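Okay, so chain A shows up in both of these, paired with chain B first and chain C after.
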Partner chain A sequence: MGFPPFLIPFAELEVGQHLYWQIGSLKIHGQVFITSWILLGALIAFVVVGTKKMERDPKGIQNLLEFLWDYIRDLARTQIGEKVYRDWMPFIGTLFLFIFVSNWGGSLVPWRLIRLPSGELGAPTADINTTIALALLVSLSYFYAGLSNKGLRYFEYYVHPTPIMLPFKILEDFTKPLSLSFRLFGNILADELVVAVLVFLVPLVLPIPVMFLGLFTSAIQALIFATLAAYYIGEAVEEHH
Partner chain B sequence: MTSLFLLGASEGGLFDIDATLPLMAVQVVLLTYVLNKIFFQPVGRVVEEREDFVFTSRAEAKKKIAEVEKLEVDLKNQLLEARQSAQAVIAEAEKDSENLYKEAIALANAESNASREKARLEIDSQKESALRQLKADSELIGDLIVERLMAAK
Partner chain C sequence: MDSITSAASVVAAGLAVGLGAIGPGLGQGNAAQGAVEGIARQPEAEGKIRGTLLLSFAFMESLTIYGLVVALVLLFANPFAG
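Take a look at the complex of A and B:
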């Protein structure tokens, strides 16, 4: 593939190039799965080590895991409500942990040291497929949450204050996953690009504050995604009176 | 060309949506299942057990404090009662001893009076008998004197 002259300096960033794996007639982005497997392996290993010997007086990693658990419980409980938050806590927590680990793993691990034949390793959440997958899971979950909790009465939600709301509420079902996926994708990709461009232009000192900003943004995005997912589920199971 | 490249009209691009999407969704669902089994359930169990433990311990401690307070009040009441009854006993004892003292004094007085009276009566009777004796004696002596005088004459 030929590049126009003005793109040549950026060619090293390899924006939008993927390492394709062929499965039957399907193509998948290999670099996304490589990084996600490594990061999830690290996450699962961390959790397994931390929960191996749990005591009533927590020690070491157990403290951190309990802090995380408590944090996720508070998030789920405030957004979803006391009644059903237990059912959705693992999902919300997994979204949070997966996005958080992906975002931070994307910026903290020096992936550039590993050369791929095509594309490059980076945060799995900087790929639109991942974020759309997460957003669609959120959509499915809030529909499932609403229908399983309230049955067909769930659709009262669409005409809740007045039937005038119906078109807006239907539109919302499309804008919710769209905004969720694009917000996450845009933030993480932009962060990676800004750091990459800065490193490319000024390889010393200057990218470091931007990297810290990137870590901050990454954590915030994980929190936002999990909070919104929980909020949508909470909205779906809420009882109108 | 650039926009086509970025938007993934051909191979590659930022918005290249393919089988990665469903596979990633399946992966996240599996991860939810795995994390639920190895993280959320066990940690939740431990945390909730501890919360229960703290809650019941607190409740028990509160109950114990209430009990202690009740006991304290009881003991204070008992102490007060004991003090009052002790004072009553002391007062009674004082009164008793005073009574005894008065009785003893009265008894002693009566006794001394009686013995004095008796002594006086005895003295009186003796005096009387002595006087009578004396009178008889003097009469006898008078008679004797008279007799002698008569005889001498």
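Take a look at the complex of A and C:
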């Protein structure tokens, strides 16, 4: 749904316009799929190249990958706890790497050079559908983590200090994915919008510091999403005494 | 879209971001004050304090971003456009 007053050349600012692909009765946003496939391919290629010839003394890409592994393990261990963090480390790591690569890929790769019939290529996380899918995955996993670790005793969590908390805890199950998805979507879209508006006003030099700020907040948002996902899982598997 | 709806949407979009920025602004000020006091008292803990501060900044910032999301919905995907 475009908005007529924004038809001026607003630095290629096209919010709410997409490249639609029709699959059955579903309309999907094609530009999100194109960028996420390219970025996922790049990520997988990077990891495959880095782990091809493993050495005892890590160098180059292998060194970077081992640093990332350590980083994600520390994140998962501090949030989820010593006992079950190993089961959830791959999930947390995948979330972190996918969001990080999407955010940075969206702003570092000059997607604007590729013309699409409608809409434009950009960070996959600047589309609400991607972030809601990720947030719902987190919801499913903390339910699964709680139920598989504690069985039906998981539901003690809902009445934990007092039964008065029950409605709030149920409400929390809905607000968690909502805030997770909106936080990521809003931040990434805001970065893109701020840069686009500044490029429209002052095309030279001035947008560069804002772009760096955007890179910084994108990285922080990936970290926040992964940290919160791990925290929710940790909350679900935690034993109350 | 009739003119009264678009006028109301534009005003509401401005208010959503503007009012939404007040609370997080105060909160970020408080957090920064605490961090500076902490660093002044214990300069060797600067790295740790900075990391925590940035993480909590991002949490506060997301409150304004919620307002921004509402503003963007009003401007670009208005459900009342008819």
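The working rule: the second predicted complex is superposed on the first by the 230 of 241 C-alpha atoms of A that agree within 3 Å, B and C clash if a C-alpha of one lies under 4 Å from a C-alpha of the other, contacts with A are read in each partner's own complex, and residues count from 1 in each chain.
As a convention for this text, a residue touches a chain if its C-beta (ideal position, glycine included) is under 8 Å from a C-beta of that chain, and two chains touch if they have at least 3 such contacts.
Source: prediction; values computed, not measured.
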Touching partner for A:I28 - first (chain B), second (chain C), both, neither: first
Partner chain(s) touched by A:L189 [first = chain B, second = chain C, both, neither]: both
First, second, both or neither for A:M54, with chain B first and chain C second: first
Touched chain A residues, chain B compared with chain C: B
Which of chain B and chain C A:S179 touches, first, second, both or neither: second
Touched partner set for A:T94, first chain B, second chain C, both or neither: first
First (chain B), second (chain C), both or neither touched by A:T130: first
A:I224 touches, of chain B and chain C: first, second, both or neither? second
Interface residues of chain A shared between complexes with chain B and chain C: 1, 15-16, 189
List of chain A residues in touch with chain B within their complex: 1, 4, 7, 15-18, 20, 23, 26-29, 32-33, 36, 40, 44, 47-48, 51, 54-56, 58, 62, 65-66, 69-70, 72-73, 89-91, 93-95, 97-98, 124, 127-130, 132-134, 136-137, 189
Footprint of chain A on chain C - complex, ascending: 54-55, 58-59, 61-62, 65-66, 68-69, 72, 75-78, 81
Chain C-touching residues of chain A, taken from the complex the two chains share: 1-3, 6, 15-16, 179, 182-183, 185-187, 189-190, 193, 217, 220-221, 223-224, 227
For the chain B and chain A complex, residues of the former touching the latter: 1-2, 5-6, 8, 11-25, 27-29, 31-32, 34-36, 38-40, 42-44, 46-47, 49-50, 53
